[in-house]
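Next come two complexes, and both contain chain A; in the first it sits with chain B, in the second with chain C.
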Partner chain A sequence: MSDQPMFTHPPPRASRPPAAPLLPEPKLVDVVIDGHADKVPETWTILEACRHRGIDVPTLCYLENLTPVNVCRVCVVELAGARVLAPACSRRVEAGMDIRTDSPRVRLSRKMVLEFLASSVDLSTAPEAQKYAAQYGARPERYGPPAAPGTLETDRHVGTAQTVAQPVKIDNDLYVRDYAKCILCYRCVQACGSDAQNTFAIAVAGRGFDARISTEADVPLPESACVYCGNCIGVCPTGALMFKSERDMRKTGEWDESKQQKTDTICPYCGVGCTLTLHVQDNRIVKVTSPLDAAITQGHLCIKGRFGFEHVQQREPAGAESPDVKLPEGVSSRFKAR
Partner chain B sequence: MFGAGGSTSSFRETEDTDVVLLWGSNARETHPIFFHHLLKGIRRGARLYVIDPRRTSSTQWAHGWLGLDVGSDIALANAVGREIIAAGLAHREFIDHATTGFDTYRHGVEPYTLEYAERETGVPRSLIREMAHAYAGAGKAMICWTLGITEHHNAVDNVLALINLALLTGHIGRYGCGLNPLRGQNNVQGGGDMGALPDRLPGFQHVENDELRAKFERHWNVTIPPKRGWHLSAMFEAMEHKELRALYVIGENPLQSEADQARTRRLLEGLDFMIAQDMFLTRTAELAHVVFPAAAAWCEAEGTVTNSERRVQLCRKALAPPGSARDDIAILYDLARRLGHDWGEPSAEGVWNELRTLSPMHAGMSYARLEAHNGLQWPCYDENHPGEMFLHSRLWERPLNGPRVAFQPVEHDPPVDRLTEEFPLRLTTGRRLDDFNTGVQTSGYRSPLRRGESLDISPEDAKRLGVRAGEVVRVSSRRGTVEVPVRLDDGLRPGLTFMTLHFPDDVATNLLTIDATDPKSGTAEFKATAIRVERR
Partner chain C sequence: MDGIMDLHIHGPEATEAERAVVDAVVGEPAGDRRDLLLPALHAVQSRFGWLPQGALNCICRRLHIPPAEVYGVATFYHLLSLTPQPPTVVHVCDDIACRINGGARICEELAGRECPAHGGWKRSPCLGQCERAPAALVVRAGESPNAFVLPRTTSGAIMASLGSEEARENDRLEPLRRSAPQSGSPGLRLIRRIGQVDPESLEAYRVSGGYAALGRAFELGREGVVREVIASKLVGRGGAAFPTGRKWEAVAKAAVKPHYLVCNADESEPGAFKDRLLMEGDPFAVLEGMTIAGYATGCEKGFIYLRGEYPLAARRMATALAAGRAAGLLGSDILGKNFAFDVEIRRGAGAYVCGEETALFNSIEGKRGEPRNKPPFPVEVGLFGKPTVINNVETLVNVPPIILEGGAAYTGIGTAGSSGPKLFCLSGHVAQPGLYEVAFGPTLREAIALAGGVSSGRPIRAVLLGGAAGAFVGPDQLDMPLTLEGARAAGASLGSGVIMVFDDSVDLGDILARIAAFFRAESCGQCVPCRVGAIRQEELLARLRAGKPIGSRRQELALLQEIGQAMRDASICGLGQTASTAIESALASLDPVPEQGRPS
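After this line comes the complex of A and B, so read on.
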């Protein structure tokens, strides 16, 4: 086939670059946000309209690459004439909407949500939640001191939330699950399920105070359907799900984000070309994420992209030269065998 | 295909297409993030057909699984083509407008009846018919494949059989349609684009095209041999004939990755001189006379890679390499200097900008634009060009822009390693989700999914052979024998077995495989080995 001219000559150029079919432009609707009139596409959510105006609406369960489930209620806004507050993350804008993002009622509601969370969950590795709690003057201590941690899986606090103070689950070498830090935002369930990975290894089990993230029948991860893509870690807003290496470094006091650089590069494995953000501390990769706005990954990776970096830091510096070959200067014949 | 060597479509198009034929690919495990895009398409109503001898995890998402016998792909594809024509579903308008050789093709596939295909492939005729009608009847449809198509002695014919289907239906050159080889390594596309092929100069420009070759000769002020060189399999042939005496191996582990390992070792050991340049002292590097320790190109150096949708992307340096390991480009520059060519200061961007002056399809891709756009897809002819989301749109232009493309009829030809009474079982090879190739990179992390090498066999065969899960058995082909534990897999049909190449230090699967190679691509038939299994 390579004798034909088509294979020795470059293909003809298209007259114009091919493109996806154009979608119809969405209609614009008139809204008022905190007293300012605005025209926004009717396909937007209230959150998109607010952020477009530069108004900071707090979110915990919402993430750009996931379908909103509006469970945390921290993004609520007041709509003039409406009886209840509306979740900005999932409610679409409508013509004539008069949106108030910072009314006393909104502020009080957000403060209560944050207080309830902070009084029942360990937010020590949740910088966003801490920031909002401070911003809204949340005082979780009003609800009494934190409950003492349980010691065994079975020693959960009967009658209180299952997510409060429970032993960390370490059942594999790649990541840990510390559900004492879980705010039940559902993001991990979404990422493991229909929004990205479609593995469905975890779901919310139980209802009310018993609600918690669980594998099927609460089996350890190695016995579950988990394929260790780590996309649950990638979306977790509180550090409940964490690289085991990060947890180990935090325990020994080595974890120091001020000393970490983030560098975007391309995964070394298959040909899909996923963008990896390498978090590097002291010339070691300590964590791998992917940008939410990367068109190929939308923030999601597989096990090799997320965890398969270790090989580069398991090389010993070059050692003695081979005895039977004269090598040029700077060239070494021995390094760690693989 | 049609003069361009890359996937025609973009990943995002799989989200908007109507029918996908995933042929000889277990993308769920081998290209997981591509599969995320495909899943979006499926959730929007696209129908997936998986053509694979194994009932893999990809098939769990399929509308239909066509579990064909290993190496019967052309019998299946030709039968699909025949059925499309017989049912009146061929896209006559496109065929008349943009193709040649349709009548020859129609005549060529005439013997490939559904009955013949069922007999030859093992796939029920009703399912073949269903897939043919789904593919041809769809508004938008694409075919994606991986090594299940290309690791055969007739790899190029397999690909041509699939191209014929796209020409027949007009599922090419339009949004949401296309022909997509999913690339298995992060820069296998880029390597070919840069001329790491025996017949290509950088920019996929053919070395036997006098005009193109002269352009490079003027720029480099050297004479370039006017004939194509050897592909990998031909290189081993040349070692056999003592024509090839020295080898420079960069970032490859051929001792463990090539078929028929005993022969590979003999030939590599017989070389006068071998240089290995690698991140690790691989088994291949252990045989080398000189080893250049290399930086990890993806995180310890700057440069570009090109992915499976033709997107050129920047790799950035995040780590300092260990010890005396150095950037590949710096090593090559130093070597050139010792050989009497001073190329100046090594710089990845400098090399790239030189390429842009010589390769029209990369001309518009400055580092600044690659950074700003998160990569650009070739061809990208100038700095105002957006890059091409899909290829061959010219075939739909009126009047036709450029030459017609030809149907290329091909015939079914079963695997070289025949099944006999002595070697009655078919062994096929592939990847698992958490491991990669010969394990040089993936053995560095502790995967909870990893269970080491195994001979995966059907429960029926295990029962017949009287072997239990976990039992170590002797597996022999016409070339070698290995010992490996058995694992039962009910995704395998009786007669079919499976192994990976991930743990070559434990189980050297390639002692078994056959180096019957495709004469055009040089790819070995890793997918089809005849074996027998014995209790120890």
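After this line comes the complex of A and C, so read on.
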């Protein structure tokens, strides 16, 4: 008889579903990146090949857990022999590609894209875009001061730059939509749609400089199909979409990311087992996210995981009177609310 | 995606009338028919003059599309309105060709007049009527909606159209003859029937040699047809000049099925009207070209994506399709050759960008007309994700003569680098604006002479080649040969064949401002370089014209070049990539905005 304890027989069931069978190894193709020859899997995008080499390619609309839409064009690279630049985020590598990530044409296009955004969008809560704008030498002041918000056709003043400014939308308790900060990266539309939530509460409406994210006929969120999963907030790169709690704390000056601690845990609500990252400041949860590489969530949550944290921090302020709770006969008063 | 989605629809229910309109288009859809979205929106718009919420909700339910997405599509197109409009709306062209022929004045006059309650007007980008400028498009909604063009119009005629139930143009041949002044001349290939043969009669088309090419194509077989087209060295006439035969060959050989054929009839380039006149004047030739293309490339289904502002062309094409079906020239077994092919018309709704091939696919599929990134190219992943051959109207009209004369003989027309006949749209300050056919090769000066020279007799200030997406050339470049290689050598492009002439009375700065406004209004808004670059370019030009540069004028000109470079290099599609070329070409050599500000 084995000396192993009885309870290990039969072995416990795997706690995770078995891994999918391995796909055949993708073919490697020869590419040249900034003069260095490389062999990379043909299934990779140019962005993956560059990042694998440790080359920093800026991205704004790209996010690992969403289908690349290549609309911001800040990731463009030069391909030898090509008439125009190519978006690194969506373009797959091809054998023989000669990729330049830092040519004068690349640097100019990136600078201009960042300048265009900085001159038309409020980037005050978009540290990444600000960082790139500084790195590439964007000078939005070249277009003049921001124009007073107005309709496109009639209110065009010589010497000022039109912006996407519009009033902040606060129509529910959970999040705020400040589209003056929107760079139209399409991430929220994808997260709301077929890349994650399949709710389709928002879409791009209008055209050209007037294009914007909108519900149908611009109705408030509570009238739309929105289920308040907050996945749009989770993917927004500029703070245009924000937890209402975060926005309120920013308004009063309390928001301080340097004082925040991030702790990963598992959501207690149901059996799916989503990874939550709790952002805690002064011993209070101020925001909940999920890691993009979490196997179950891929960064996406539901309303409960993302917003249902208040119950863990229901504390009475010191000295407050206990509410008058009537307890059933026989129930110990130690369960009474403090 | 559609199967797993719960629709959340609120707001008013459709009225009975609204439901009837939607049902008439949607019928009983089997499976995913999102492609019926734009036809349904069109139907509601032409019945009610706008898109009431109840009707939109009905469309969402019937086609199972989320309301936010329907709203996103509806707000994309300029001919659709989300707010109530009067039943009659006149779209008054204030774009370049009309602008210099009285269009600007008409708009000023209209601005000071009160419209009747049931009518209104708005400014429009180029309506494709440049040979009969100034023009306006009257759109009437109602139980029997109609739309027609007012050519060579006045503010008085526009006001009258708001007040009356005046009929559309009825004469079949006379207006065509005037628009194609060569009509009836010997030696024409592409426009020989225009103004001569009744465009609504299949019999007349056959008597004039029509459908002989289709018979010959069946003799050659599918591969034989592709061989002839390759041998002809025909290149696309929509502006990009891609070899047509290579495109056909790629689709014919594509393993994925089905294959689709699309005729790009969304001609919207300011200054271009050739495709409109081909469809108005010889619709069966377009259809025959499509049928041969469908046969050669293994397509059973073809679409004509027809510009929304071309009501007469749409009627003529619809008449031709019906006659073709009745005669067995379309349908499940064409001429007993075991070849099934049919064609459907899809109307655009006011979006220049939908002339870009992948934006056009998205538009047909019921999505916003935003271009896709290429690769993959349409021959692999096109309409509905299938291999698609997409050709311009003029390209397809070249096909019957190629099949009849043989590809090798066709290369004898034109020059070594540019084979075949070519249509040019002459407009602006020429004595006889219109559509002209020449073999590739004459000089720009000769083409202008063909149209009677400068109408005023004044010197030429500039010529816009290829439309708003083309380039300006100066009077010193009139000896440029009109060939692909000749234009390229001069740093220009023939594009879609636009030749717009400006005499020295014109304020070129005003023309540039209109072109900049055009691109700002027509950008789809998807990518940053075009969405923001177009408006920054427009603002910068306004500063130059007002003599109020930020920093120095030199700095502004350098900035304009940087904007143009970024748009050219980093935009997703051809719209953004060409949005600065005309403006930059004028600034490079024509001094359109003299230093002191506006020229007096």
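Note that in this section the second predicted complex is superposed on the first by the 279 of 338 C-alpha atoms of A that agree within 3 Å, B and C clash if a C-alpha of one lies under 4 Å from a C-alpha of the other, contacts with A are read in each partner's own complex, and residues count from 1 in each chain.
Just so we're on the same page, contacts are C-beta pairs under 8 Å (C-beta built on N, C-alpha and C of every residue); 3 or more make two chains touch, one makes a residue touch a chain.
Everything quoted here is computed from the prediction, not taken from an experiment.
By the touch criterion defined above, A:N198 lies against chain B and chain C together after alignment on the C-alpha atoms of chain A. Shared-chain residue A:S90: touches chain C; no touch with chain B. In the superposition on chain A, A:D210 makes contact with chain C only, while chain B stays out of contact range.
Within the superposed three-chain model, A:D173 lies in touch with chain B and out of touch with chain C [touch as defined at top]. Of the two partners chain B and chain C, more chain A residues are in touch with B.
By the document's definition of touching, of the two partners only chain C reaches A:V113; chain B does not.
Looking at the shared chain after the overlay, A:R73 reaches chain C, while chain B stays out of its contact range.
With both structures placed on the common chain, the touch criterion links A:G35 to neither chain B nor chain C. Applying the stated contact rule after C-alpha superposition, one finds that A:L184 touches chain C and leaves chain B untouched.
Once the two complexes are overlaid on chain A, the chain A residues touched by chain B in the first and by chain C in the second are 194, 198. Against chain B, in their complex, chain A makes its touches with residues 1-2, 4-15, 17-21, 172-174, 194, 196-198, 221-222, 226-229, 261, 263-275, 278, 280, 283-285, 294-298, 300-305, 307-318, 325, 327-328, 330-338.
By the touch rule above, chain B contacts chain A in their complex via residues 2-4, 11-13, 16, 30-34, 36, 39, 43, 61, 156, 160, 173, 175, 182-189, 199, 204-206, 208-209, 212, 279-282, 286, 289-293, 296-300, 305-309, 311, 313-320, 322-325, 338, 360-361, 374-375, 379, 381, 385-394, 397, 401-403, 405-406, 408, 433-434, 436, 440-449, 520.
The touching residues of chain C, when paired with chain A in their complex, are 1, 4-8, 10-11, 53, 56, 66-72, 75-76, 78, 82, 351, 368, 373, 375, 520-529, 531-536, 539-540, 542-543, 546, 548, 550-551, 555, 559, 562-563, 565-566, 568-572, 577.
Those residues of chain A that touch chain C in the complex are listed here as 70-74, 76, 84-85, 87, 90-91, 105, 108-109, 112-113, 116-117, 119-120, 142-144, 156, 158-162, 183-184, 193-194, 198-211, 214-217, 219, 223-225.
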